[in-house]
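Take a look at these structures.
One chain, subunit A, appears in both complexes that follow, with subunit B as partner in the first and subunit C in the second.
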Partner chain A sequence: MIELAQVVQAPKIDYQGLAPLFSTIGGSLAVLMIGLFRGRFVQRTLVPAVAALALLVAMGMTIANWEAGDSRPIIEGALAIDTLALFMSMLFYVTGLATVALSLRSDVQREVGAGEYMALLLGAISGMVVLAGAENMVTLFVGFELLSIPLYVLSAGYVRRAHSLEAGLKYLVVGSVGSATLLYGLALLYGATGSTDFRAMAIAIGDTVAVTDPLLLTGVALAATGLAFKASVAPFHQWTPDVYEGAPTPITSFMAVATKVAAFAVTLRLFDYALSDAQVQWGPALAALATVTIVIGNAGAIAQSSLKRMLAWSGVAQAGYLLAGVVVGTQLGLQATAFYLAAYLFMNVAAFAVVIACERVSEHGDGIESLRDLGRASPLLAWPMTIAMLALAGFPATAGFIGKFYLIEAVVAGDYAWLGIVIVVGSMISLVYYLRVIAVMWMGRFEVELPSFPPRRVKAVAGRSPEADARAQPEVASVAILAAAATIFFGIVPSPLFDLVSDVGTSFGGLV
Partner chain B sequence: MLKSYLPALVFLVLGVGVGVAFTFANSLLGPKRPSKVKSEPYESGLPSDVRKSFRFGVSFYLVAMLFILFDIEVVFLYPIAVRLEEVGTFALIETVVFIVLLAIAFVHVWRRGALEWK
Partner chain C sequence: MSATAYGWVVLAAPLVGMLIIALGWRVLPGRSAGWLGSAAIGVSFLASVGMLIRLLDSPEESRALVSSAYNYVETAGFRADLSILVDPLSVFMCLVVSGVSFLIHLYSISYMTSDQGFARFFAYLNFFVFSMLLLILAANFVLLLVGWAFVGAASYLLISFWYRRGTATAAGIKAFVINVIGDVGLVIGAFLLFDATGALDYAGIFAAAPEVFAENDGKLVAACLMILVGAFAKSAQLPLHTWLPDAMEGPTPVSALIHAATMVTAGVYLIARCHPLFELAPTAADVGAILGTATLIFAASVALAATDLKRVIAYSTMSQIGYMVLGVSIGAYGAGLFHLMTHAFFKALLFMGAGSVIGAMSGIQSLDRMGGFRKAMPFTFVTFTIGALALASFPLFSGFFSKDEILAYALERGGLYAILGVVGYIAALLTAFYAGRMVFRVFFGASVPEAQELERGQLAHGTHANPATGEEEDTDVGFPGAEHHIAEREWPMKAAMAPLALLAVVAGVLGIPGVTDTLEHFLEPTFEGSRFAEVHPSTSAELIGLAVGGVVAIIALAAAYRYFTGDPQARVATRERFAGVHRVLINKWYFDEIFDRAIVRPVAAFGRFGRTVVESAIVQGVLVGGTVGIVRAGTSLARSIQTGELRFYAALLLMGVSGLILYFLLVSS
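After this line comes the complex of A and B, so read on.
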């Protein structure tokens, strides 16, 4: 007979390391309970304030935990902290704060209920933090689902709009397929290496398991596919435009930034740490995926007349750039990817904030027409959008330029120079659609050639709130201005971010 | 090591075999005299009133989901209750956390009116 373990040992837990997670999960429960009380003050002020407070506390604790070097376990064998996990967590919290501000005046909060909305948002952030710190494939999957399930619900936030329900359902179906593929891949990786622990996997590969082991390679391929779904890497990107368009815009901005950061955090850890010895095998495959993603994303964005769809396709292209940093599997690649993720956050949050401000007042909704003559009507919104577009295209003096420069340096140093050329060509194509947005905003007197697709039926949301004016949304405008300012700041003075990123580079001890 | 699985295999074969045998034995050996009344679905002896297009109220699904949430999750408490002395204080604290989480969900569901039949 099998002897039952007589005494169950409690795992060693580093409560200081776990504190940020306590803060976000506790905040999630608190807003759920507070949200049960009715009243304008509770629903519109107290709940978002508590959510923002939970995020700020988590940020503070994350900063306190910052320490360069190899990873330290929080829960033995399940969660660990290293600078990569902490850096990515900071990006999640910043995006979360921006989303809380952008949702303040959104009617989706009233439709779902402020408490539920914020609880789901904080739940998704907790999942991302778990994912970024996972030390084990089981924890990885738990974090993956904890981040996905709240987002399925949130994308269907406009319960009474067919568009939004469609987005939620599509995301659920595609996301489940992605999760299942990932799980299958992880199971095969476990079968090949005999361990679910990343460190043990890294030791086993090349030692007891050959890098050409078919079981291992099948597992790698399936895991890469599952993660590619979440990061919207082509050819697994088809859901992205529809879901981004249908979801409430604050949630779209959260998905576009935080979900992508989370997906890349775990891709970096799985590929550049656990599977790094098999890089010769998966490197070319991921490089091919990155190329396809850059081409398809940029080509797809050109014909879009909806800003949200355009940003979705642009996000696909950006995922391709980011994947290039993972491909090389070097310390430089890790640093470049982390840097570009931070830059990507600022550029996209700025762009989405302006889209939110404009779609609330324009009869064109999120159509590109809603930005017409914004330069004259409201320069405080037009400038952040201009900066965001230039940065996404990679213009000098923006964080986007430094990020791309860094990525290209990394891929060239990693013997993938042709991938650097693909990045440059992709950025050139992207000018077509990024510059069009700028032209629509500033060159009102000249006809700008817009995509000649039939206009989508858009319901004006402006009629619902009397204060609906782009300038009467100070919180949205300030998010846009702050994000754009950060984009410019880190484009001119990148050294603070460089310092953080070089700490991040020390996370995986063995990397060259 | 594989030998220890032999009883399980025998059990599996017996279970499937007996089930299949009884299912078919009945229809092979039993007398069959069908009539219209006999072939109607049984509904407490009353003439059946249910049509193919009958639709359930959505409340049934809600209640079923809540049942799974609160009833099935409580099953997890039994193994801990039985072996609490072995698993120690840590497991007790974990269980309390689990119950608190369930309680929060319960309060939320209750206050949101999901327990009222509509």
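After this line comes the complex of A and C, so read on.
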């Protein structure tokens, strides 16, 4: 027995660092139990309140853990926290809170059961937190699956609607292909470097393993594919519009933001930390992917008449911009990507909140038509949407502008000036579809040319109950307004966010 | 207060004005939104005068002041403050912009009285002035870009102000698209500079440029050309000019403010501001000079044939900006900016006069329908004629001194530039001719029914029709309201036009060769290090230039008088004899058609490509062919649900992976 204890040592666990994860997982179990009770109060108030509480507690503990500099192990060899993980976790919690608010009045909660719905949501968030803090490839994969599986279920949340089921199944099948590819890649990386630990991998590459080792690079290619799938990077983006469109809109909004943040968090860690010595090898490949993504995303978005599909394609294009920040493999690139992810969160949450508010009352569902004349009918929703669209297009005085500026600066400084030009041109093209949304809202009573292609979309997804007009959804409107206000605030006074991301930049000690 | 404190006031006033009007338009009674907007710009102007006084008080060496509000962007790589630069150039621009804007606001109070969007108009107008002043006062490229994009957006909003008019929204979109092309150029230019110099503020870039760039360094030339793309898109120079004539769809005060006096001169300002770079990259400067010259002759020729009064003035604006671009591109900064100022005065005046005439014509803008307004509209006649004489550079009017100074510089520098100068003189001949054409066709000849009615004391009331298409429109939202207004009956319009008329006559005294050089002397600190500081035509050369210019103007005006007040049959005969030339001019040298073929259609095709190839082809699965077969077995599970798609996704995934692996195997050892 004594011998065994010497051989198998229990890992050191830093419970303070682990506390946020306890909060979300505990919250997930709690809502599942509470959700067993029937009754309007429990289902519509208590369960969301507990879920929100769990997220707030996790947020508070994350702030308490904030400390710049190198990573601290939480579970030795498996999970660590550094500012990158903490920053990304904050983004997950914020998105989670927004999603809880956006789901309050959604009938998908009733269909799935409030307890199950919130439990799955918190489970996915836990997976993302694990993913962002993963210190080795095994934890990475555990986090990856923990985040994916609840989302497969949630996408099919409308169990009685073919479209939603189709979205869930499609996500599951293509997602599994992605996971399998990632796993294959990780296995090859282990084979090449002889380690699953990121730090050991970083040391081994260039030392015991040549950066041009075919086994290593094949592993890089497969891992990049798996992650590109999650981040909807072209040509692995095809599921995005279909799944976004079919899934219940609060879940779409969660996937569009949180999943992308998680995918980029782990991409940054794997590529800019573990594989950073091979940057010369993978840089051009990722740069090519970023270019293809920007072109395809913007081309695809132009002709969409469904807002959710349009935002899905726009999300593809945005993934391309973000990938450019990863490509350069510098501290500046890391900071710019983190900054843009935060900006991306606010812009998209604002846009999706407005889509949710409108699709519930409009006979056009999530069609762009549902926004017609919103500026007159409900300026409190039209302004956030306007700000979100301008910010996504990179208009000055919004967080989107600063973020893009930062990204372009990073790629130019990283000797990828041509990629900066691609970003600029891509943003220019994106004006076509972002401005159309604004035109429909403000000049809606008059002719605005919309894509003439027959719409390929579902009818109004949610209940379309007459009492649920925009004014009767204060929580949705407040999410939209708060997110839009943050977009403007960080566009005019970006320094608080700059301070945070410059802490994030110190996460990977070795980066220049 | 220090000069920079005044600078912040210059910026704050229109911003506050915009916010008050935008938020409080429901409770602002009557015309108060207009008065409020005008007052805000008035404060800006007074603060600009404050800046001027403070600057004149300080010694010449310390006339470039930077003030930071806070740190806007700071990263490991660079920092850009929210900071303004107060130096003679920016103060000069602020004075011109806020001064002319104030008068145009005043004019708009009357002109837009019965428009339903009265308050909205002034909110936009204040926003525009704020953006323009931000562009001028910015001390670094980041803030310049913010102002630059804001100005484009404001221009879009104002061109499309009457948004129920299809042609107006189309024109707005066209202007916006071309402006965005310019923005993209400017962004790329700024980053190329940042890449090389590591700075984004003017002072840092200009200090580092001579060290990192050799003369005509490829990278610097590229950066300067990109900056020129930005400047040319804003200033409507060839080949990015097609939006300006269409922008005349906006209300006339907008044309006066944005598309004559202020925004379109931003490009000239930018070139002048970046002069240390252009002097290091003479190739780029030459490109600017040549394109500016091409624009000035091209636009002058089109202005000869255009029949829409506002479009004639619009082409004239392009042409005059061509002179300014030529000036600042060949190192004649003082002369170029001098012309910018006098042009702002007389061109705003011409537009205001045109607005008054259009009011009398109850919205009709065609020159063919006008005539004989001399007696019915004495005030408009006198002021418009003054503006036209200044435009024609009739001796002793302001345009006479400023334009000829640019041409004298060009001749002095010799070689290529002398040729450009000669072209400038030829265009001056055309300019005087079309300036005369406007005056003689509108105010001389037989009185049209509208003029006769006005002589009897009544303002004509026609049906409201779109001047571009002739479609009837209702007046609920503008055009500009149910009632028209003319300067003769509205004191704010008179109060706006009279000072401009006075300035159009006397502003030349700021730069009479051999007598005064006030303006040039004031601007000297900004252009101190210029290598062309010593290039200056002798006084006698300048006087000869002036004499030539004066003779040219008088001859052309006399010819126009004979031609347009003479026998109408002769005009028809001439037009028929030169039918081919006339058709080319009427069609604006077919630029719109060329653009349509070369750019618009391919872009539309790209959009269709997005839908058909990127998306629909997936549904049809046409592209996949063989690859589908490979994965078919694996995905038979999902076949019941939309068979083709999922298989295609997996196929694409497979192709993507294969591509990536192939790449990585190629770079591996």
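In this section, the second predicted complex is superposed on the first by the 491 of 512 C-alpha atoms of A that agree within 3 Å, B and C clash if a C-alpha of one lies under 4 Å from a C-alpha of the other, contacts with A are read in each partner's own complex, and residues count from 1 in each chain.
Following the convention adopted for this analysis, a residue touches a chain if its C-beta (ideal position, glycine included) is under 8 Å from a C-beta of that chain, and two chains touch if they have at least 3 such contacts.
Everything numeric here is computed off the predicted structure, so don't read it as measured data.
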For A:52, select first, second, both or neither according to whether it touches subunit B, subunit C, the two together, or no partner.
neither
Looking only at subunit A, is it subunit B or subunit C that touches more of its residues?
C
With both complexes superposed on chain A, which partner does A:482 reach: first (subunit B), second (subunit C), both or neither?
neither
Figure out whether A:10 sits in contact with subunit B (first) or subunit C (second), or with both, or with neither.
first
Identify the partner contact of A:42: answer first if only subunit B is touched, second if only subunit C is, both if each is, neither if none is.
neither
Contact-wise, after the overlay, does A:33 reach subunit B, subunit C, both or neither (first, second, both, neither)?
first
On subunit A, positions contacted by subunit B and by subunit C:
none
As the complex stands, subunit B meets subunit A at residues 86-91, 101, 104, 107-108, 111-112
Touching subunit A in the complex, subunit C uses residues 70-78, 142, 145-146, 149-150, 153, 163-164, 166, 169, 176, 180-181, 183-184, 187-188, 191-192, 194-195, 606-611, 614-615, 618, 635, 637-638, 641-642, 645-646, 648-650, 652-653, 655-657, 660-661, 663-665, 667-669
Given the complex, residues on subunit A that touch subunit C span 166, 169-170, 173-174, 177-178, 181, 210, 212-214, 216-218, 220-222, 224-225, 228-229, 235-236, 238-239, 241-242, 281-282, 284-285, 288-289, 296, 298-303, 331-332, 335-336, 395-397, 401-402, 405-406, 408-410, 412-413, 417, 420-421, 424-425, 428, 431-432, 435, 443, 446-447, 451, 453, 493-495, 498, 502, 505
Contacts from subunit A onto subunit B in the complex sit at residues 6-8, 10, 29, 32-33, 36
